[in-house]
Amino acid sequence: MPEHPKSGKPKLERQAMCDRLAMEFQDEWVVNLGVGMPTLCSNYVDPNKTIINHSENGVIGYGPIAPVGQEDRHLVNASGQHVLAQPGMAIVHHADSFAFIRGGMVDVTVMGAYEVAENGDFANWRIPSRKGGGIGGAMDLAACAKRVFIAMEHTNPRDGSPRLLKRCKLPITAPGVVKLVVTDLGLFEVSPQGLVLREYAPGWTPEEIQHETEARLIIPRDVREFRFRD
Amino acid sequence: MPEHPKSGKPKLERQAMCDRLAMEFQDEWVVNLGVGMPTLCSNYVDPNKTIINHSENGVIGYGPIAPVGQEDRHLVNASGQHVLAQPGMAIVHHADSFAFIRGGMVDVTVMGAYEVAENGDFANWRIPSRKGGGIGGAMDLAACAKRVFIAMEHTNPRDGSPRLLKRCKLPITAPGVVKLVVTDLGLFEVSPQGLVLREYAPGWTPEEIQHETEARLIIPRDVREFRFRD
Amino acid sequence: MRNKVYQTFDEAVADIPDGVTIMFPGFGGVGVPRNLIAALHRQGAKGLTGISNNAGVLDAKAPDVGTLIEAGRVKKMYCAFTSPTHPSRVTAFVRMFNNNEIEAETVPQGTMAERIRAAGAGIGAFYTPTSVGTELAEGKEHRVINGRTYVLEYPLHADYAFIRAWKADTYGNLQFRLTQRNFNPIMAMAAKTTIVEVENDVVAPGELEPDAIHVPGVYVQRIVRIPPAPEGIWE
Amino acid sequence: MRNKVYQTFDEAVADIPDGVTIMFPGFGGVGVPRNLIAALHRQGAKGLTGISNNAGVLDAKAPDVGTLIEAGRVKKMYCAFTSPTHPSRVTAFVRMFNNNEIEAETVPQGTMAERIRAAGAGIGAFYTPTSVGTELAEGKEHRVINGRTYVLEYPLHADYAFIRAWKADTYGNLQFRLTQRNFNPIMAMAAKTTIVEVENDVVAPGELEPDAIHVPGVYVQRIVRIPPAPEGIWE
């Protein structure tokens, strides 16, 4: 039996997780980063690529978070953070922003999740024990972006229960859309055959990661240690 | 039997016909004038009213036809005529222009027609003997403007056949939408009971006009001679 | 031409009756018509239905739709957030919703934007791929078009829209600055009566470039210039 | 970042294959991408489907979609005018349509605009009141919504859009001037590949005001600056 993670074996840092997803972004991709951890993806900068940041409130091509004192009171991203204008930025209204999303112009959306299933379903908007849900633009992005990437902790921090599941237990955000998941234990690809472990955190074995995972992991021959940089 | 119009009894001039319709426009109305005769409505100017001219190509609040030498090559009305910009004019794209029309923002559209029926149907886009049709924005305007006014000659200039009919013979542009019709013989209102003759051309009697009309005219007690001006 | 410029927010909202539906734009605290909301709060209209991306924020210092909700003036909300993003963020709306003191319909944000746009654009209903396969699509009509599944959604109409603009002319032509735009233009186009608070002096027609107008003036009925703080609300 | 600026119209249309669908904006002779049409005419692609408000004008001195139709390159047109407004105005399209040498679908202009917008906006279909009760609604699905009858209409997609703009930057952000705008923005958003002819020098990103951009650059793939006449077509 593998060493239990609670023993203190190091997991990946949130910034490393988001860097790894950002390494997958291609030149000229339109990227939509969800509230919370995904916004860390914007800290990874590859000078050979132009990444176009889209935010659901209608801004295409915004820049980094505004330093204190440089905030423009009329310019915020999807998290309500003040960002800097960037040359070439364009503004549209909310209906046009979601026309942009539904029209398939977003190359990748990165979101957090409570659960991801091996069939590509994921859940991030509603906990049945609470009334209502917080959906924001996540369902539109999940249904319509070209790719959905997920960044989340591998297990529920409250009770250690797994979050990579055979089937989602919570109400889903969209069916079958997740392509890539990064957790603090590794990088996972959703394939037609199921969840493929592509990279594992340093110090962890695929078997140890399987132990923390409800879904059956496919371990390919070329599985490798987590890449922190290209 | 009334004197036959071919005898030479004078009919209303086109400008008088359009002036009469324009007298019905109210302050701040958004007015859409169709190609041809209806554009003459813009020559009637009441200084006590602000009329907002809308053209289907996305211009709201344009001014008069541009005098020779003052044309702006980027500014035309629905007939493709160069018009003058007017303070307060706004431009939208084609989908927003028809969103404006379908959304009920046009107070009146004035169009020409081949036929108008006593039930408010009218036909102005297609002659079955010719293949295809020329619909432009007429169907959208007819279905969605708050009011449809028609300006047309009372009878077909080719064979003298009537154009105010019990039922349209040509394919209709929209059912039951016409409110007011001006012809070179008079002004007609479409009521739930049928076509009401409101005003007759000078020198004509209601009976003579009925003779030129297939639909049964309702002649109210207050029928009066055509008003050229308020 | 009828004058559209009102001197005070109180005058501009004075005749709003109980029971109407009002659209409230704003996203991330930007483009929120706070002065009009404060005026309506003073005016006291109740039994309102609100359409808004969210239902108020925690610890709001400046008025927003949550101010009206907390005061018990709102009967129903259409919004994209009906539970908090974190369990500790319990707003007045969340507390009242949990106690069944207010009704709410959770609408995906893009579907909400498109439903508002459809109301202004005279569209009877539309098919969208958003929410297919989720709880929010249950009971809705589905249709497969070119191999993709869509759900049918209907317009969201309103009696009033409260709008926050950057510039306006006396005809009601409006301009917004950066992400202040958000829901403002489509709400202005969807409501029967559109009331605007504007951050700059209302200018004469012709001073705004026709190519750079975001809302044609025909859609706007009332305009109030925001006075300097503290009389006007600027945060 | 990939360079979007092409030096010649011929380069910009060189790879367009036979059989594709192309959107052609323009209204009343304004906002017509004449240089791109002339280049495609030289290039020779055939079996095309065109989407355009009209199908060419009588006695056109400058190239328009009618130039491609007359040359036999177009197999089908979607347009709002499939017969002349006056019997004497027999264009090449009308002659060919009467001789069954070209197919055509007559689409009300607002329905065409909304179908193009729906393609860009990811809407599967929509209900519109336009054409209800007429020959053009025959065979279409009808639905009564809130007491009003609507017909169901589907998106119009395209492989290419040819666009005529006033200003552009190297990212492809576009601005139009006055009624040049017409169908241009919605076609740019609906097509897979959008090719633009622009009336002013292509500027660096940041020179166009973010609030005054009519088409975000992400929608644009290729841009050509129109040279002075006679090399460039300006009428």
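Order of writing sets the chain letters: A, B, C and D. Residues in each chain are counted from 1.
By our rule, a residue touches a chain if its C-beta (ideal position, glycine included) is under 8 Å from a C-beta of that chain, and two chains touch if they have at least 3 such contacts.
Keep in mind that what you see is a predicted model, and the values were worked out from it rather than measured.
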Request  = Could you find the chain whose CA centre sits the greatest distance from that of chain D?
outcome  = A
Request  = Averaged over CA atoms, how far is the centre of chain B from the centre of chain C? Could you give it in whole Å?
outcome  = 38
Inquiry  = Need the CA-centroid distance for the pair chain B / chain D, whole Å please.
reply    = 30
Message = Centroid of chain C to centroid of chain D, CA atoms only: how many Å?
response = 34
Query = Listing for chain C: what residues touch at least two other chains?
reply = 114, 117, 121-123, 128-129, 177-178, 181, 210-211, 214
Remark   = Touching at least 2 other chains, the residues of chain A are 85, 91-92, 98-99, 101-102, 144
Query = Name the touching chain pairs, would you?
reply = A-C, A-D, B-C, B-D, C-D
Key: Residues of chain A defined as touching chain D within the complex   = 27-28, 30, 50, 52, 60-61, 85, 87-92, 98-105, 144
Chain B-facing residues of chain C, complex = 1-2, 117, 119-123, 169, 171, 173, 189, 204-206, 210-211, 213, 216-219
Task = Would you pull the chain C residues touching chain D in the complex into a rising list?
result = 114, 118, 121-129, 143, 145-146, 148, 150, 154, 175-178, 181, 209-212, 214
Task = Would you tell me which residues of chain D are touching chain B in their complex?
result = 27-31, 53, 80-85, 87, 94, 97-98, 104, 106-111, 113-114, 116-117, 128-136, 166, 177-186, 214
Inquiry  = Quick check on the complex: what are the chain B residues that touch chain D?
reply    = 35, 55-59, 72-81, 85, 91-95, 97-99, 101-102, 126-127, 130-140, 143-144, 171-176
